[in-house]
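Some notes on the structure that comes next.
Just so it is clear, A, B, C and D label the chains in written order, and each chain counts residues from 1 on its own.
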Amino acid sequence: MKRFYFEKEKPNIEYFHVPLSKRASVRDVVSIGFGLFVVSYLFVFFGISVTGTFIKDPMEVNIGAMFLSPSLEHLFGTDFLGRDIFSRIVKGTEAFFIPGLISISVSTTFGLLFGIISGFYPKYFAKIIFFFLNIIDSIPRIIFILIIIVLFNPSIYLIMTFVGISSIPKIASYIKSKVEVLKNQHSIEAARALGLSQWAIIFKHIIWLSTKPVLIIRATLGMGESILIETSLSYLGIGVQEPTPSWGNMVAMGKDFFFQGKIWLSTIPAGVILFTIMGLYLLGDGLNSIYNEKVSR
Amino acid sequence: MRYKGIIALLTIIFVFTLPIAVCAQSKGGTLIYGEYGAPIRLVPILANDSISVRLIELIYGSLVFYDTNGEVFGDLAERWEVSKDLKTVTFYLRKNVSWHPVPGENHRQEFTAADVIKTFEIMMHPNTVTSLQSRYNFISGVQKLDTYTVVFTLKKPVLNVLGRFSFKILPSFLLTKISYLRGDEDLLLYKHPVGTGPFIFISQEGSSAEVVLRANEQYHLGTPYIEKIIMRPFADQNIITQTLLYGGIDLQVRVPPRDISEIQGDAQFELAPYSTLSYSFFGYNLRNPVLAIREVREAISYAINRQEMLNSFFEGRGQIISGPFAPGSWAYNLDVKPLPFSPSEANRLLDRAGFTERTKDGIRARGSYKLEFDMVVPISKENETTKRVILSFQNYLKAVGIKINIKWLEWKTWTENVFMKHDFDIIYADWLFDDSFDISSLFHSREIGPGRNNFGAYKNPEVDALLDESRATLDIEKKRTIYKKLHEILATEAPYTYLWTLTNYAAYNRTLRRVEIHPTRFFTYIKNWYILEEEPKQ
Amino acid sequence: MMRFVRIFFKEVFNMALLIVGVTALLYLLFNLMPGFFPGKGQGVIEYLRLLKKLFTFQFGTSIISGRDINSIVFPAFRNTLILTIGSIFLSILISVPIGIFSAYRGFKTYSWPLVIFSYIMSSIPVFYFGYLVLYVISRYTGFLPIYYPQGVERGNPVVSYVLPILVLGFGNESISEIVRLIANELERVMHTDYVIASKAMGESVLWSSVNEGIMIPLVSIVFSKIPFIIGGAVIVEHVFNWPGMGRLAFQATLDRDLPVLIVIAFLAVLCVRVGMILKEILLSYINPIEK
Amino acid sequence: MSRLAELKDLKVYFYDQRDKRFIRAVENVGFAIEEGSVLGVVGESGCGKTVTALATMGLIEAEPGIIGGRFFFKAPQEDVKLIEDYLFRNTWMTTGENSTRLYNLFCGLDQYVNFEENPFTIIKDSEKWLRRSNRIMEHIRGKNISMIFQNPGRSLNPFITVGHQLERTIGRFNPDRSSHEIHEMAAQWLRSVRLYRPETVMSMYPRSLSVGMAQRVIIAIALCSNPRLLIADEPTIGLDTTNIYKIIELLETLRAEMNLTLVLISHNIRIVSTIANDIIVMYAGIVVECGVRKDVIRGRFGAKHPYGAKHPYTEALVSSIPSDSDIRKGKKLKEIPGSVRNNKREMNCCPFLERCSYAVGKIRKLCESHCPELVEVSPQHFVRCYLYYS
């Protein structure tokens, strides 16, 4: 005897509003908020340093007041020549802000350009483009920059353009692989079937489809990378030179007094760098997760 | 375990009472010493960087050598005679001296006069790439009397000529088919230096060239106590000091000024000051019309506070100088006082020179000439003190109304700009002297031109005359008065702003005993250093 | 089998072409360099002679120090290789578990701090991290883990080998990149049909999604990081006094020692190309779809 | 025959991120399966039949997923010991003659959802319950219940060969066998699903398999752990007609051989009716009709209702697929006007209202007022429509 059981009483369920422990969105909100906070204080610092208000003169040396610990008068204390570290940090943003943007734009635009061309026409262009890119790629980056510095004795702007150039191969190969995958996707074939011209397809679909994540990640990563590269160059003595302050050469300046216990000299700029790059990473992460939505469960 | 807390006073007493060697000198032990940077080339004629010179001192021998207070000792030469007319010098060489073993052969070659002659010929050959030729151009030639005597004939008589014969001797049997050295020949000597010195070269393996030497048991002046020496190159000066403090190395050749107080505070290490005959200065390019005015240069010297810089950057370990000579040497004129720090005097001088108008950002000007100079400085990884000096210099002069733009150039570009193209206004550098204090190459008018040392194009006939006279005279007193006169003139003329002479400090582990450091060649007395194994650890 | 041989020769030809390109670029740049140095201003003939020497593998002697190059460069190459491979391996060991954990847990309570840790590690300047580690270790253990050459009996060589690898492994930015890439990729793969199907068959999700989710992104990113790691090694080599190729190249450029620099570039190209070939082989092995 | 599994009153809701409200996927679905019998689940696509299958297997990961219902399953003794600590006390129910126990695999759900308040709230994060049920299901999935998915081509791991995947599954369930034996068993299984060149098939990659062969391989993989219950979700989709019947016939023979109970889910009622004992018709997440195959298809002429009780939707379904007799008579195909209603809007009217041809006049007011109940029109035959309210 088979019997089917059914629930007799049934709540009259009209309409549901149910609190839900939001998972993914909390993480995105936090990271984008933190990232935007970081970007905002970068702009504030950049504004202050360009207009030159609010802060003491970062270049002003007074030998009497060397190695002061942080006090009200010198927010972050003074460095090995008695200059105020806080104002130097504010002025230091100028050293990597625009160069950072330059390096990002150079690496992204050319990376995109080469990536798409070699992705779409692998036979003709890919070999030639990637031949030159491999040349740039195989010389260690710091040696490549050192040679440039020796040749032209350049300003930080030119150095950062070459940093951008040296990271083109990475983006180009990434875009190339993406384009190859996207190329034979149904949507692109359908577009081609509709008679859209090749360039229209490239610009509208490919760039938009493959670019959103790359642009976002590239922008935030690139900015962080340019700060770190500048720090390494300053450690080797070939980065931004002394009178003009930059975060990199302040950390490098602190290294000589590191083992004598005065670690805060290089810890404060390194901390600021850490804070900024963390913000940029999280910003990139959050935006990235919003743009290409999560896989619907 | 290293205890930091021991009072500095105790160590100071310890340093000055040179410990009498209580326990017997024990043979053996390894000395590891650290250098900042790597030796370029272990061949005496071609190498002139200080790291290579120190290693060459260990490997090669020379005819004679002079010690700290100018007295001459015989190394490869047993006896020597200087002819009455000071024209010829004969050396009687030691008999039983043998070269180091050449890799592959086990018997050791004999040291003969042929080696001395071959070395001299190569050194003086026109297309040998070396900077030593200018120091030995007073010798006209050399002959071999027999296998163990050598005669040098001089062009003109020279005061205390013996001190000059301290150049190193190369093995002739390895240079048979070579008549001059350019540096790119494929020579066994480059790969495995062979000399007659107290230590034999074993290996220079590795990219950063750790050099390993072992004691030469058949060394003619007595076998050294230390059994093995290892030179470890470093790429970061802070790391050298830390490695010394933690026992990684036993000797640090030159301690950066900022670490001296830390080493002094530690009982396990000793600081040995050795003042190399060198001094630091700001050099001016007199081709620039503004800098050609004497008052401007003098004003600059008044405007900077040298004592404050010395105290705060080098912890006062040095001496302010007033002329182009090292204070320790006999040529230094003590009654010429260094210019005091008085910005008001500097301003007065500048006003007298006519630079009264002020541009809007505070720079003094007179008509079209502005007191704005380019300072050219070489980039290097370890230039913390240079940065501090330059930036405070820039700051001092800004107070007086002189603007300094600092241009940073990579090392080779800097040398080319300064010595070849003369495209600079002010430079910050220092000169290193050997015993002869011959400053003619710095200030003599014939030394102006690309590649010469008188980069500032300083021309003063009176100084030229005095310099030529000083080279010609023979007796020491006459030379001393001439140098004193030179000192006065150059102090007032001020082609340079003379800063100071720094006392270099070497730091070594307490287990190293009877350490005596030669001011310029460092390891001359290496053979009587010894390592005390049973030093009880505090 | 024939296919592999053909691929091999194509790769060797590519590498040769690349080496000519790199050496030509370096040679050109060197001649433009200011400052007087022995190898300056020579014409094309000298360059061809240099190439012949390069391809016949006798590297001749360095202009500056006269010592033959392979006694300088090969020990340095060995040291840099140890450092590079060690640090790549370490950064994989750290970032892959974090990536898997965060994808699997879906950025919930546990995985969030780990991801933050990986971001922090990638945003600290390398040499500052090295100095900090040295300062802390030497202050609290009374022992400085600096590279000790073989001949020296001082100090404990093992630790002084491990620490630079640790610093470079943590320091370079590849950690945050790998974590991010694996997290996204794994997230996508875990919801594909075949993974849910295999989950229904009782197979663990991780086991079935390991091929596409973890191996492909890992292999593709790691082998493209080799040039950056060789570059990053320059800093760690300076801080830990590690006689590596990066430091040698830096010094050679300053001393204008062209032959040494060209041999180093030659080895760097070798590493990069071998890395790429390995990548191709591994990818074709993991991902049969391309075949 | 004893009862194998029973699903009672399953509620599955999904949370829509965009407009921040819940979508009802499945509401109060229940069925019972006898050992060895075949249950057919029929319904248009998007009516929740796949969700029900996934729910029983615990494969739903979306928020909040399963929020109601109990799923009793006769797990073998050795598995029960494994999942003992996760099961709550009074979670089993005894049925039938030899009072075998069926364990509720959705146990502990009431701790997470309380139905009293209206609208009911989820007390704790359902993630924890999901993880616990996952641990329970891990022992059940594959070993006792296994599932075949719709698209055979994409259900096989494209990165490893078919043979490797099969051997991996076999190896997991009988770890003590040597690899050679496993290989042998795999070949034997492939032969049992009528793939007569097992060696070549095993070396091929899923991409190079045809749809029919892929489906057979999936069946082999699903059955190689000889489960007690096989859920086949649209096994015949994408196949051409000859293949469809071959697959159905294969499933039938395998069921007979291995005394397997089968849940066949499909949108084509004709296919289901060929082998199913009982049939359930679902529409918009609700069971509109269930009963024995004969009743549902032809509707027995019961006492009360002259022309046989059948839900309008089932009637439409049956008439829209021509049986061979209709073809002979040349009857015109009838199609159902409109499309499945969107679940998002109110749910208190009969879901089939717009498309129902009988909802005219007086009855329409009833239909619009609220959703009808399941009424037992004849023994073992329930219909959810006001036509048959007495």
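Note that in this section contacts are C-beta pairs under 8 Å (C-beta built on N, C-alpha and C of every residue); 3 or more make two chains touch, one makes a residue touch a chain.
Predicted, not measured: the structure shown is a model, and the values here were computed from it.
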item	value
Contact-richer chain pair (by C-beta pairs counted) among B-C and A-B	B-C
Closest chain to the centre of mass proxy, which here is the mean CA position	C
Mean-CA-position distance for chain C and chain B (Å)	41
Inter-centroid spacing, chain D versus chain A (mean Cα positions, whole Å)	50
Rounded Å distance, chain B centre to chain D centre (Cα mean)	92
Of all residues in chain C, the ones touching two or more other chains	33-34, 108, 138, 191, 238, 254
Overlap residues in chain A, where contacts from two or more other chains coincide	23, 150, 235-236, 255, 258-259, 297
Residues of chain B engaged with two or more neighbouring chains	242, 381, 410, 412-413
Residues of chain B that touch chain C when the two form their complex	1-2, 30, 32, 38-41, 43, 129, 182-187, 190-191, 204-210, 212, 230, 232, 234-236, 239, 242-243, 245-248, 381, 410-413, 415-417, 420
Chain A residues within the chain B interface of the complex	60-61, 63, 66, 80-81, 149-150, 153, 235-238, 241-243, 253, 255-260
Contacting residues of chain C [partner chain D, same complex]	108, 191-203, 208, 211-212, 286-289
Residue numbers on chain D that touch chain C, as the complex places them	57, 59, 61, 127, 138, 141-143, 146-147, 149, 151, 154-160, 165, 168-169, 172-173, 205, 207, 218, 221-222, 225
Contact footprint of chain A on chain C as seen in their complex	17-18, 21-22, 25-26, 29, 32-34, 106-108, 112, 116, 119-120, 122-128, 131-132, 135, 138, 173, 176-177, 180, 184, 187-188, 191, 220, 224, 227-228, 230-231, 234-235, 238, 246, 249-250, 253-254, 261, 264-265, 268-269, 272-273
